[in-house]
Amino acid sequence: MDALELIRLNLLSPMVLAFFLGVLAVLLKSDLSFPEPLYAALSLYLLFAIGFKGGVELSKTSLEALLRPALATLLLGVLTPLLAYALARRFLRVRQEEAAALAAHYGSVSAVTFLAALAFVQAAGHRAEGFMPTLVAFLEVPGVVIGLLLARARGDLREAVREVLVGRSVFLMVGGLLVGFLSGEEGMAKVKAFFVDPFNGALTLFLMELGMVAARRLQDVRRLGARLFAFGTLVPLLHGGLGLLLGHWAGLSLGGGVVLAAMAASASYIAAPAAVRLALPQVSPSLYIAASLAVTFPFNLVLGIPLYYALGRVLWG
Amino acid sequence: MELVRLKLVTIVAEAVLEHRLVEEIKRLGAKGYTLVDARGEGSRGLRTMDWEGKNIRLETIVSEEVALRILARLQEAYFPHYAVVAFVENVEVVRGDKYV
Amino acid sequence: MDALELIRLNLLSPMVLAFFLGVLAVLLKSDLSFPEPLYAALSLYLLFAIGFKGGVELSKTSLEALLRPALATLLLGVLTPLLAYALARRFLRVRQEEAAALAAHYGSVSAVTFLAALAFVQAAGHRAEGFMPTLVAFLEVPGVVIGLLLARARGDLREAVREVLVGRSVFLMVGGLLVGFLSGEEGMAKVKAFFVDPFNGALTLFLMELGMVAARRLQDVRRLGARLFAFGTLVPLLHGGLGLLLGHWAGLSLGGGVVLAAMAASASYIAAPAAVRLALPQVSPSLYIAASLAVTFPFNLVLGIPLYYALGRVLWG
Amino acid sequence: MDALELIRLNLLSPMVLAFFLGVLAVLLKSDLSFPEPLYAALSLYLLFAIGFKGGVELSKTSLEALLRPALATLLLGVLTPLLAYALARRFLRVRQEEAAALAAHYGSVSAVTFLAALAFVQAAGHRAEGFMPTLVAFLEVPGVVIGLLLARARGDLREAVREVLVGRSVFLMVGGLLVGFLSGEEGMAKVKAFFVDPFNGALTLFLMELGMVAARRLQDVRRLGARLFAFGTLVPLLHGGLGLLLGHWAGLSLGGGVVLAAMAASASYIAAPAAVRLALPQVSPSLYIAASLAVTFPFNLVLGIPLYYALGRVLWG
Amino acid sequence: MELVRLKLVTIVAEAVLEHRLVEEIKRLGAKGYTLVDARGEGSRGLRTMDWEGKNIRLETIVSEEVALRILARLQEAYFPHYAVVAFVENVEVVRGDKYV
Amino acid sequence: MELVRLKLVTIVAEAVLEHRLVEEIKRLGAKGYTLVDARGEGSRGLRTMDWEGKNIRLETIVSEEVALRILARLQEAYFPHYAVVAFVENVEVVRGDKYV
């Protein structure tokens, strides 16, 4: 399969199509809307389920296998926000705090991009390591911390770290991982029909909603101009490449490496915005939400993931 | 039945501020508050029910003094950067000592 | 199986029983209530899922097979509102706008009746054509348009058409159809456990809620009298018969013909009420909501669908 | 398997682990929260599903088999509130209305404890009788009635009984039972993928939420002191033992006996609090909600159920 | 356009009282009401959205006389035991006869 | 801190009118609004949270002139046919120019 074929396959998956359906709903001014609790329920379900699945897998792998991947992830967690910061300052020419806000977002992870990457590699016949959800937690935190440090927003730093660590995304994923790890295959047998089988369908609905939210942000991108668009596509390519290299170095499988690349390439739009909004109120949220949600997220979903996979196949040989 | 005149301060703000605002008004002397989820539009554009943009509507019955303190604090620390609106009304309550 | 046996089978399906349980909850003044977002989530799920399933089937049929059925549906879309209008004027003796409001409802489709009919023919060992959800969209719009034209409510006509076309029911069903069509069997494999397997169960819960809503409208029917009751049962019989004939002419299978009949026989209570309420505010909503939701919907659910099936078997031979 | 092994198995089930994850979320001040409609939707689903499953089983058993178990349950319904009242007066030294409020709670049933017990005996390779959900309804009502009688809150008695009987928990469970009974195996085949297969997973999510609610009540327990803690663990042991004896006398299977014991041992925290709050406003709700939700519920979930099972195995031989 | 002065009574109470309070205010002369779900904190501690603790916020536009009757009834039967707060404001409406 | 007196217009209406009413008040000069979902009862009977019957509660802070314009428009185009209630209160705000 060449890259184009991969992109086609990816484009025609129900998940990606549902995302575009959501975009369409907004463009056509449909009165379609997801009740807010449905959004919350789906994200809760998806995060816990992915952690749980990972935990069950983890219960079957040696913990020492986790060491190098964890190290690679922490390295990514330090490098990517700095990279994003430098690019934002030089390329977007934004103020220090604005660059820092962007760094916080591009240094941490979008859980849905992570899920989409998992689904993609699975559909391509590979499987990622069971501990990947743990790595998400490792990658989520440093990005936000370094972002706030770059903005010299020290006052709120401790609070911000705490908020990200026990924030619902990280908590649910790590919590699910723990539950899965402790209850193992036996536990899995009991709840598989709820947490595993319907997973991709739930993800499809969720992506429809995300498509609507992203489309509503499109006008912000337009206002902020082409540079933001370029920033939102180049940074993920850079971060994704870095993720592949480090993943390869860490001895991950091809599947795991691609997922790590997608994680590095993604920009948070749940944990980071809340932390940044509180700590850096002077930065307009349109800047970072538009960039991460309306540019980088669809880019990764549609082109990025198949691309990292194509590159990964070269790298893994 | 004796009715006491007090102030009702209503604050509409982006949801991310919920915990902070509750802390602030308690610190400034409010003895209670009531809160509902809301959506709205103002100078910063539409705030929908999407997670990142929903509003809260917070009400607290307080003495005039506390009301002014709350407004002053909002003006100093919130109005410049956050999507926040606040207004004050006269209300009458039974059991006025409950609120001061 | 004779008609009575069919009715018995239908009556004892979990879906129909759940509807009556909902009615009972209201009659017993139980504090049972569905949180509004659950209602919204279920209807979103059901509409998208049915479209999706249809789309996957459609990806396996030639598009020319769609031509005659589409024509038949458009014909129904023009005839049924006119018929309903005439009957309302003559038989119910209501004012012109009131008859027009009823025409808009009885000319378009109730998505849940459509779903119930699909489930019924499936349980009876048949299957409807994959493109049926498309036909729902074709039938939904003309009814409302003609209804409003009959009321001379021209001012809002364009707006009303747009609202029905991109309104959530049509949008979700057609959107699901597109997603299913494009992602095909491969997509289906990924999300079957979410959109297909649990479908009837979700429909059961939904019907419980509809039972509660319908029961709350029962007092409106009582106030409006026996004529409304007669109108709400005779019109579906007429429209259902017409649907069977046209479906047969169009070359649909028995399953498809029965579903088309149920569609024609049903009265909208989502898209039409919203459009009519805005365009014809002088007509009391109790009139059309009570008729379509508290009379026609249960009639179709309990008696109508098995009846159309029994007639269909005669017609199809 | 000895008792310790049973406790270990129980502790490591996803359901129990999820409960503790919920507790942890509160202790760590995570911003995790369940949208209220999700809580309502899950409880609606669980109650109806359990009734439905029971109803289908019931359709295969003779109704006379129900007689003695029903009698045993009614006996429990009278004895347990009286016992709880006496203990509360003597041991906790609370006022008459306070003891009565507690009696109402410990005399009726916690639906989730019931579900957890069912899941436990099933995981241990047994099965409870299909009519158990009916028994829940029988046990739910007398407790509340006798509780209010003990408080001499006669004025509201009839209203309170009606409210419990048609209250959503009893209504959904008995309603589901009816639907299951009438639609039988054929109905089951249609909706199994929704109401049966994903059940334990949904229960897992629900228990996470309950863990959060219980943890928020922990501070109330601390304020009310060690006596309340002792009361909240001794009463279930007593009631559970009584339940086992009566279940054995009634000829239930081991599985059914253990579930009946767990029912007797449990304290209501849905139907009873609402009824008691309205009828006995002078009693602070912290007293009974803390006792039943933050002490007795986790006790039963973690230790009680395996214990009743261990005892049951002795008794059933 | 003629504006009529009436009273707006707002009651915040624990959700379990919804039906009772609606009955009470109708019996005392209210011709309508508007109700939203709320959460809040007062002398009895935080009332979260958990089923057992959520609040409602009930508004009714009434004549001064009915307003006073409602407050009196609340003071007598609800304030002592339940988590209830109420306040009264002056409002102006069109079609004043709709409310009395 | 200078407080400015403005009008708070509250409109309770059937949910189907949401978009129209928001357009109307903006056209008539409102610079923002806050909206919550509600249920209620009035002369047209109970409006529950069922999709077809839920209400919205819309608030907007405006100048007296705009308030009167809004009421006049409601009286002309909405009161006769739709389930709509509206009332006006005096409120005090900081940054009065934000609203006019």
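General remarks:
Going in written order, the chains are labelled A, B, C, D, E and F, and every chain counts its residues from 1.
Keep this in mind: a contact is a pair of C-beta atoms (placed from the backbone, for glycine too) under 8 Å apart; a residue touches a chain by one contact, two chains touch by 3 or more.
If you're wondering where the values come from, they're calculated on a predicted model, not measured in any experiment.
When the partners of subunit A are compared with those of subunit E, the chains appearing in both lists are B, D.
The interface with the greater number of C-beta contacts, when C-F is set against A-D, is A-D.
If you average the CA atoms of subunit B and of subunit F, the two centres end up 19 Å from each other.
Taking each chain's centre as the average of its CA atoms, subunit D and subunit E sit 35 Å apart.
For the pair subunit D and subunit F, the distance between mean C-alpha positions equals 46 Å. For subunit D, residues that reach two or more other chains under the stated contact definition are 33, 35-37, 40-41, 193, 198.
Among all residues of subunit E, those that touch two or more other chains are 36, 89-90.
All chain pairs in contact, by the document's touch criterion: A-B, A-C, A-D, B-E, B-F, C-D, C-F, D-E, E-F. Per the touch definition, subunit F reaches subunit B in the complex via residues 1, 3, 6, 8, 22, 31-36, 61, 89-95, 98.
On subunit D, the positions that touch subunit A within their shared complex are 12-15, 17-18, 21, 24-25, 28-38, 41, 119, 123, 193, 197-202, 204-205, 208. Remark: subunit B residues 12, 36-43, 55, 57, 68, 71-72, 74-75, 79, 85-90 touch subunit F in the complex. By the touch rule above, subunit E contacts subunit D in their complex via residues 14, 16-17, 20, 48-52, 54, 81-82.
On subunit C, the positions that touch subunit A within their shared complex are 35-37, 40-41, 44-45, 48, 52, 163, 166-168, 171-172, 175, 178-180, 182-184, 186-187, 190-195, 197-198.
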